Amino acid sequence: MLPLFFEQAANGLQFGLMLFLIAAGLTLVFGIMDTINLAHGSLYMVGAYLGAHAAATTGSFLLGLFTATLGVAAIGALLELFVFRRLYARDHLDQVLVTFGLILIANESVRWLWGDRPLPLDAPSAFAGPVEFHGFSYPAYRLLLIFVGLTLAALLFALLKFTRFGMWVRAGAANRPMTEAMGVAVPRLFFVLFVVGAALSAFAGYLLAPLSAVQPGMGENILILAFVVIVIGGIGSIRGALVASLLVGVVDTLGRALLPELLRTLTNAQLASHLGPTLASMSIYLLMAAVLYFRPQGLLPTRL
Amino acid sequence: MKRLPHLLLPVALGLFATTVPWWLAWLEQDYYLGLATRIVIYALAATSLNLLIGFSGMVGFGHAAFFGGAAYLSAYLTQYGWYSAWVAWPLSLAFTGVLATIIGLFSLRTRGVHFIMITLAFAQMIHYAIVAWPAAGGDDGLPLVQRSSLPPLDLADDRQLYWLALALTGAVLLALSYLARTPLGHAWIGIRENERRMAALGFPVLPMKLACFVVSSLIAGLAGILLVQQTGMASPTHLSWTTSGQLLVMALIGGAQRITGGVKGALILLLAEEWLAHLSAYPHFWIGLLLLALAFRGELARTILGEKGR
Amino acid sequence: MTSPLLACRGLCYRYGALQAIADLDFDLMAGEMHALIGPNGAGKTTFVNLLSGELPPDAGKILLDGKDITRAPMHERVAAGIVRSYQIPQLFPRLSALENVALALPARRRHRYVFWRKASTDLASLEEAEAWLDRVGLAEQVGLPAAMLSHGERRRLELAMTLASGARLLLLDEPLAGLSAEESAQMANLIAALKEARTVLFIEHDLDHVFRLAHRITVLVEGRCLASGDPDSIRAHREVRRAYLGEWA
């Protein structure tokens, strides 16, 4: 039981960190621009597709990563310039309408370009096997993701903390009217934020691809998880997003792995086999409900 | 006399809708009766969102939970021989109401973008919970053993099912347009216009919003029950977030704050889908473009017609 | 001595690090016209928010008729007879002036769940709403959406809604703000006409109006009560003169 627990906890950490990369840009877009972007998951999906395609044609995992990140950054830039820029001032209904439309377009486009079947992507060969560690063994690729995730998260925090740009972002997320008072910098700020958010999301999408399936619609599940993260963490709060991502990653992974087992020891086998999968798949939403009940503004709401 | 033109269009449309089965029979296109029934049912489901958005200003993105939840339960009940609509349907609706109350109690603590995300997340929870429940058939969905018995109607007859759906949808539309003129309707509209002021005027805003949320969910649930009758199957799609999105989009493109918005939206979207599916292997690509065009129609008109287009 | 209609003891409220209301004691007698004055940012609006239930106090007690209403939700306070107005008018922009006032009537509050009868069948309410609009001089604007009204008209509509609520205790947050001299005088007359009929706590900066209208005045500075008493004693109060009146004299 114990090795299993540790392995699952590490998986949770790894998933949580990737989730953070996806949610980080999104929570800032919500917080600063008060804009709902349902198509954020599509950027994640397109990243995975572009990267997997590039990796397959060039044979280089790293080239795939660059293609995914830069390609989606470019797509994000175009989207910001031509679509989102006109959307910030609209009401939430229009934002839902447009970004829902974008999801449909994205899903159909990848279906058209790559077909219905999942696109394969293998972890780079150097990280294909497990690493042994004091009798535990853990997949090297997942370990790599943990490392990369931690590094990027640290980088992001440093950016937000020490650069002028980061200062603007933090001020804007904590106090929206303040963004308006910043004047000329606003369009540029929104643009950079959106593009960085898109690139991070694609980056995560590509890195997660060897562990999941690259297929149409893959963005939506992750989008909803990112929403849960944002709600739990507090809209616009980057620290909240980190805490919530890890929480969601761990609860989700552990819930799926351990809850059915746990139930089996507590109740009879038949009830457990009925209840286990249901409860496990509900666990993060129950977590969200609990957080909402006690702290409607999220765990670490932004406040000046 | 002044009210006459005002009534003319709805009455004419109602008459046309009622006679659709005969028109189709005359054209020998009975296949399209299924589509017509679906349009009517989705119109009802989308109308539930027009109630929610139009009356109290809440953008619910999780109505698939109620639509699909009621659909699943009503299908499930037939597996145990509960064929009577008089029993199975109210039971399914009661379940939907309880579900909506619980979800509402949590999500109504928030508003705006928060509310959109939270209703979506809860609907996703219901989706996973039901699909993971072994008795619900997993990804395959849950077949309806047979259509409900609702004497004196015979729902096994496709036409009667169509007329029932039409009558219920019509009744809901009429009820809503009446509701808009009652004290309850006015109070909900007040909440939409200025929630803070309503609270300051002594209206218990939260329970009133919850009431609106639950009523809206019940309408969505009713539509779900009807849909299962038509398709013979409760499927995970009915619970999925795309259904929530589709219903919301219908409600929006027809005019979110109009009572008839959902009807218009369901017509536009489902007809477009049907038509595009004949033309292209990727119909939703075009639907997506259509949504963008609708949202930016002001800008588009200005670009095409030049500045004078303002 | 009679007991106060409304009493606060040790009321505190803070926004983050800022102590907006600090250990405030306050009494309001039935039937009195009580002015709350103080520099901008003194916490006057926050105090009204605490009394009306829009904000929950961090500490302290609010008593109405001796009953503890500190934690009572807003709608219960309205039912008990406390209604507030806003410094920035809070109207229903797309509804007509008449409907704005009608929504404020106690009948609408009572019938809030009525869905089987049209609101327009309640002729008495509509007449009542019209009478209130007439009273504040908006008889002409009955059918106009609130968004189309001028600033002065919005203020008067705001007052009409507060009056129509039937509350015995009115909390008026700067009812004269942003009005021209002429409009201010009209509004002051409308408020003066409430004497005896209702208990009023109003916030106002113009001391001429304050001294003319109020039976009693409380001076709030940095969330604390600097002085409280009848107009003459406030005029004579040394600290008030120095700390507050001096600014304007």
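Order as written gives the chain letters A, B and C; numbering starts at 1 within each chain.
The rule we apply is simple: a contact is a pair of C-beta atoms (placed from the backbone, for glycine too) under 8 Å apart; a residue touches a chain by one contact, two chains touch by 3 or more.
In this text the structure is predicted, and so the values were computed from the model without any measurement.
K.L.:
Sort the chain contact graph into one of these: line, ring, star, complete or other.
P.N.:
The chain contacts form an open line.
K.L.:
Can you tell me which chain is nearest the middle of the complex, judged by mean CA position?
P.N.:
Central chain is B.
K.L.:
Just grab the chain with the largest centre-to-centre distance to chain B, centres being mean Cα coordinates.
P.N.:
When every chain centre is compared against chain B, the largest gap points to C.
K.L.:
Between chain A and chain B, tell me the centre distance in angstrom, where each centre is the average of that chain's C-alpha atoms.
P.N.:
That gives a centre separation of 30 Å.
K.L.:
If you average the CA atoms of chain B and of chain C, how many Å lie between those two points?
P.N.:
43
K.L.:
Distance from the CA centroid of chain A to that of chain C, rounded to the nearest Å?
P.N.:
That gives a centre separation of 48 Å.
K.L.:
Residues touching two or more other chains, restricted to chain B: which are they?
P.N.:
Correct list: empty.
K.L.:
In their shared complex, at which residues does chain A touch chain B?
P.N.:
By the definition above, chain A touches chain B via 30, 34-36, 38, 83, 86, 90, 92-94, 96-98, 100-105, 107-109, 111-112, 220, 224, 227-228, 230-231, 235, 273-274, 277-278, 280-282, 285-286, 288-289, 292-293, 296.
K.L.:
Which positions of chain B touch chain C when the two form their complex?
P.N.:
It comes out as residues 178-179, 181-187, 189-190, 193-194, 196-205, 208, 211.
K.L.:
If you look only at chain C, which of its residues touch chain B in the complex?
P.N.:
52, 54, 73-75, 77-79, 83-84, 86, 90-95, 99, 102-104, 108-109, 111-120, 122, 161, 165
K.L.:
Taking the complex as given, what residues does chain B use to touch chain A?
P.N.:
Listed in rising order, the residues are 53, 59, 61, 106-107, 109-110, 112-114, 116-118, 120-122, 124-125, 128-129, 131-135, 241-242, 245, 248-249, 252-253, 256, 281-285, 287-292, 294-296, 299.
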